[in-house]
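Next come the structures, one after another.
Okay, so chain A shows up in both of these, paired with chain B first and chain C after.
For the complex of A and B:
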C-alpha cells in the first residue's frame, strides 16, 4: 500500500506537459479503448470462414451504433500505431534509448511489432477481398522465409489453404495471444521507464496526480472525439466478400505496411523477405548495436548509423505518401 | 566454474540449434521424396479451340483459375497464381500481358517475367490438343 501511495505522489518533469514528450501515454490509453471496443465487437462477430463477413456487415450496417464501435476500433488501431511511430521517432531523435534505457527501447520495439501483428490479424478477420488477399500475401511472405517458411505458413493457416482453421488461428491471435503479450510488454515498458527514468529530466516538476492525470484524460477525450468525428465522416466500410479466385485490381494493405509493400514491389522476393527480418533484429537491438559501433568505429560510426536511421525514416514517409497517392 | 557453466550452456544451445536444423532439413527431404514418388496426373477436357472467342479463356479447377491462351493454332495453359506471393494474375488483352495486381509483376504471353519482383515464370500446365479438344494435364492429388 505504501508503495502505491509513493507511486501516486510521484513528481514528473515539466517537459512531460509537452505532447511531443508524452506520446507514450497516448497509445497506452488507446490500448484500453481497443480492448473495450473489441469486447463490444466480440458480442456480434462470428469467427467463422463462412459467417465472418456477414457478421461484420451486420455490425457495420444493421446494429445500432455498430458503425461507431467498429469505427472506434478501426481508427483507434490506426491512431495507436501512428502514435507508436511518433513516439519511437521522438525517442530516436532525442537519443532517449541510450544507456541505461536500452531495455526500455527493446520492450517498446516489441510493442510496436506486436501492434503491427494486431493490426494484421485484425483486418484479416473481416473476410472481405482486402482481408482475404492480405492474409494470402501475409502467409505467403511467412512461407518464403528460408528453411522454416513452409512450416510457419502451415502453422498460421492451419493447412495448405486459407480456411476455417486460418480464421480460428488469426482470431485467437487477435483477441487473446497478442493482447495478452501487449499487456505484458506494456507493463514491462512502464516498469523499465520507472526504473531507469525518462531521458529529459527538468528542474521544474509537477505531480502525477492530479495534474498529469488530468492532462492525459484531456488528451484521451480529445482523441475519442477525434476518432468519433473521423468515424462519422468516413464510416468504416466493408469491401466485397472474399473471392479466392480473383485478386481485385489495385489491392493494398493498411498504410502501416506500405513501406514493406513498396519494398516487395521493388526488390526480388528473397531480398524482400530477408532484409525486413534483418531490419527487425537491428531495430530491436539498435541501442546495443550503436554502443558496439561506438566502441569499434568511434563517433563516426555512430553518425553513420544514425544517418542510415534518418534515411530509413525518410523512405518510410515517402513510401506511405507514394502508396497513398497512387 | 563460471567459464565451465557458460561453455556448457553454449554447447547445449549449439546442439539444440543443430538438432532443430537437422529436423527441418530431414522434413524438407522427406517431403521432396514423397512428392516425387506420388506424383500422378490425369488429363481433363478444357473446351474446344474453335469455341475460344478471346485470346485467353479462364477455367476453374479446384481452388485455381487456369488460363488457356491461344496463339495462332497453338494453345498453352498457365496457372493464374503469381509465383511471387500467390495473388491471381489477370490477362490484359490490349497489352497482351499478364499482370499481377498485388506487387505489379508482369508476364508475357509465354508466361515469362517481363518486369516486377516475380522470381520465376508462371507455372505452365502441360496441354494437348486432340481434334480441336483442349486437354490439360493436372495432378491427381490436390497439392499437385
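For the complex of A and C:
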C-alpha cells in the first residue's frame, strides 16, 4: 500500500538551499537538541536549593559523559539564541516581516523572548556563584518594574529571598512552562509561514524528499559535530558554590544579556527598566508600527525607523564586545 | 532522475567529521575519568553516622577524606571499621567513646583491616614493622631507658594494633598512592636518628625523584613502573623509591629482615658477636648465605633498569664502603667503650655490649649527646 502524503511531495523554493535564507531551520533543530539533552540532564539534576550544585557537579565531573551532555545543552542554548538573532536580523534587513507576515514576526519575537527566558532560568538552576547572583540581580530588576515590581519579584522568588521556592519555580519554568510555550509558538510560527509563505519566492524549485532531507541531515550532523567539538575543547565548568554572604567582584550574566546589562549600568534604574520594556513592545509590534509610520510620515519615517533599528543593532554588537572584554 | 551524489558525498564527509568529534569526546572522557573523584556510596548502616557528622561538623576532615577514598567508593562505611572486630584487643574494646552509639570505637584494630586485607596483614605480621612496639619495650627492658617513651611510640607504634595500618596509610583517605611516596617513610626514617630519607634524597635516585616526582602518577603500582603506551612518559616514575626495594611486588613484609639486621649479619660474617647466644645460632657461613640471598633479591630489583654488570660493579663498591665503615667502627669500639665506662655520656649502662655492636650507629644518634631527645 502506498502512503501518499501531499506534504511530502511538495517542492521547495531553491533559495532555501542558501543558508542565509534558512536560518530559521537551525534553531528549530537546536530546540529538539535542547529537549533531548535536557531530558538526560533531568535524570541526574536535583531541583533543590541544597543539592542542585552537587547534582550539577556530579553531572559535570562524575557521571560518564555528563560533561558532554551538559556541554551540548549549554553550547546548544547559546547557539540557539545566536541563530535566532541571525534569523531575526535577516528577516529585518530583507523586509520579510512586511504584510501579510506581521504575525509571523510577532510569533518569532515571542520565541526570542521565551528563549532568553529559558537561558536565564537555565543558568539560574546551577546554584553556583554566577547563577545565584545573576538570579538575585535578575529578580531585583523584576522587582523594580513600576507598580507590579514587588509582586513580580515575590512571584519569581517565591518569597522575599532566594530559597528552595525560587529553585522550584525557576525549574518549573525552565523544564515545563517555557518549553511548552516554545513548542506552541514554534508550531504557530511554522503554521504562519505555511499560510503566508516566505518573502523570497523563487522560480526554480527542488523536492522536499530527498534533496531537502539531505540538506537537513547535513545541517543536523554539522551542528552536532560543531557543538560536540566546542564541548570537548571547552568542557563546561562549574564555578564556586553559591554564597549569599559573599558578593563576587564581577557579576555578569550570559552574553545575550550584555546589552541590557550595559544599559542598566549607564542609565538610572527606572529608565533602565522602562526603556527595555518599551523596546520589547516596539520590537514585537514593529511591522505594525512601521506600517503606521509609513502612513503618517511616508518613506522618510520608515527610513528613520530602520536607521534606528540598525543603530540599535550596532549598540547590541558593541555592548556584547565591550562586556566580553572588560 | 538526479542521483544526488554531491549530497551523499557531503553527508559522508560530515559523518566522518562527526565520528572524529565523537572519538575526541571519548578521549576527553578517558582523561577526565583518570582525574575523577569517585562518588562515595553510603550504606544504610553508615548513613546516620554520615548525617550526624555532616550536620554537626564533627570530624569534618575524616568525612571529606573518606568521601575521596576507595573505601568510600566501594561502600566500606563508618560502621565497617568503627565497630570493633571480635578479635580486637582489650585496649580498643574498653576505649571510652563520645559517640551516641556506645558500640562505636574511635580506634580501629588491625584485625578489622585484616577482614578484607588478609594478604597484606599476614605479610605485615612477618615483617619488622610489626615488631615496632615489641622492640621498644625490649629496649626499655634490656637497656633500662628511664626517659618517657611516649615520643618514641610516634614511630614505634607502627607495631601496635591501633596504628599498624594508619602509620603509612592516612586514616580515612587510606590512599595507596600517598603511602607509596617516600615522604611517608620519612616520617620515621629521617632526622637525626636515622637520616635514611636524607641519604636517599642526596642519591642519584633521590635526585630524579626530587626533580620529577611531582609529575609522576603515584596511582600506579610499583611493579607497573615501566614504559607503557597508555600513559605519557612524564607520568611514569623512572626512579626507584623506598617501596621499590623494600616492598618488592607490594609486599607488606617491608624487607623480610625481621630476624636479624643487616649490621648483625655483617658482624657475624666476620665472626664478631655482640651476644653470646648469637654465636651458637649463627655461624659465619650461615650469615654469608643469608647475605647472598638478600643480594640476589636486590639484584632482581636493580636489573629491572640496570645491566647485570652495572649491578655487580655498584654492589662491589657498596660492599667495599660498608667494609670500610665496619672496620672503622670496630677500631673505634674499644675507645667508645672506654667513653661509656667513664659515664661522660649520659647513656644507659645496662647491656652495653649489645648496644655497642648491634645498635652502635642508631643508639648513638637516638640517645647520645646532641640527640633531639
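Everything below uses one rule, namely that the second predicted complex is superposed on the first by the 322 of 326 C-alpha atoms of A that agree within 3 Å, B and C clash if a C-alpha of one lies under 4 Å from a C-alpha of the other, contacts with A are read in each partner's own complex, and residues count from 1 in each chain.
By definition in this document, contacts are C-beta pairs under 8 Å (C-beta built on N, C-alpha and C of every residue); 3 or more make two chains touch, one makes a residue touch a chain.
Predicted model, so just to flag it, every value in this text is computed and none were measured.
Engineer: Applying the document's definition of touch, where does A:300 land relative to chain B and chain C: first, second, both, or neither?
Structural biologist: Neither chain B nor chain C is touched by A:300.
Engineer: Between chain B and chain C, pick out the one touching the greater number of residues of chain A.
Structural biologist: Result: the larger residue contact count on chain A belongs to B.
Engineer: Go through the superposed model and pick first if A:235 touches only chain B, second if only chain C, both, or neither.
Structural biologist: In the superposed model, A:235 contacts chain C only, not chain B.
Engineer: Contact-wise, after the overlay, does A:250 reach chain B, chain C, both or neither (first, second, both, neither)?
Structural biologist: Touch partner of A:250: chain B, not chain C.
Engineer: After superposition on the shared chain, which partner residues are touched by A:159: those of chain B (first), chain C (second), both, or neither?
Structural biologist: It touches nothing on chain B or chain C.
Engineer: Counting only touches as set out at the top, which of chain B and chain C does A:197 meet: first, second, both, neither?
Structural biologist: Once the two structures are laid over each other on A, A:197 reaches no partner at all.
Engineer: Chain A residues touched by both chain B and chain C?
Structural biologist: Shared contact residues on chain A (touching chain B in one complex, chain C in the other): none at all.
Engineer: Spell out the residues on chain C that touch chain A in their complex, using ranges where they run on.
Structural biologist: So the residues of chain C in touch with chain A come to 2, 4, 7-8, 10-11, 14-15, 17-18, 21-22, 24-25, 27-29, 32-33, 36-39.
Engineer: Can you name the residues of chain A that touch chain C in the complex?
Structural biologist: It is residues 58, 61-62, 64-65, 67-68, 210-211, 214-215, 217-218, 221-222, 224-225, 228-229, 231-232, 235 of chain A that touch chain C.
Engineer: Quick one: which bits of chain B touch chain A in the complex? Just the residue numbers, please.
Structural biologist: Residues 21, 24-25, 27-28, 31, 60, 63-65, 84-88, 90, 100-104, 116-119, 142-143.
Engineer: In their shared complex, at which residues does chain A touch chain B?
Structural biologist: These residues of chain A touch chain B: 133, 136-137, 140-141, 144, 147-148, 150-151, 160-161, 244-251, 261, 264-270, 272.
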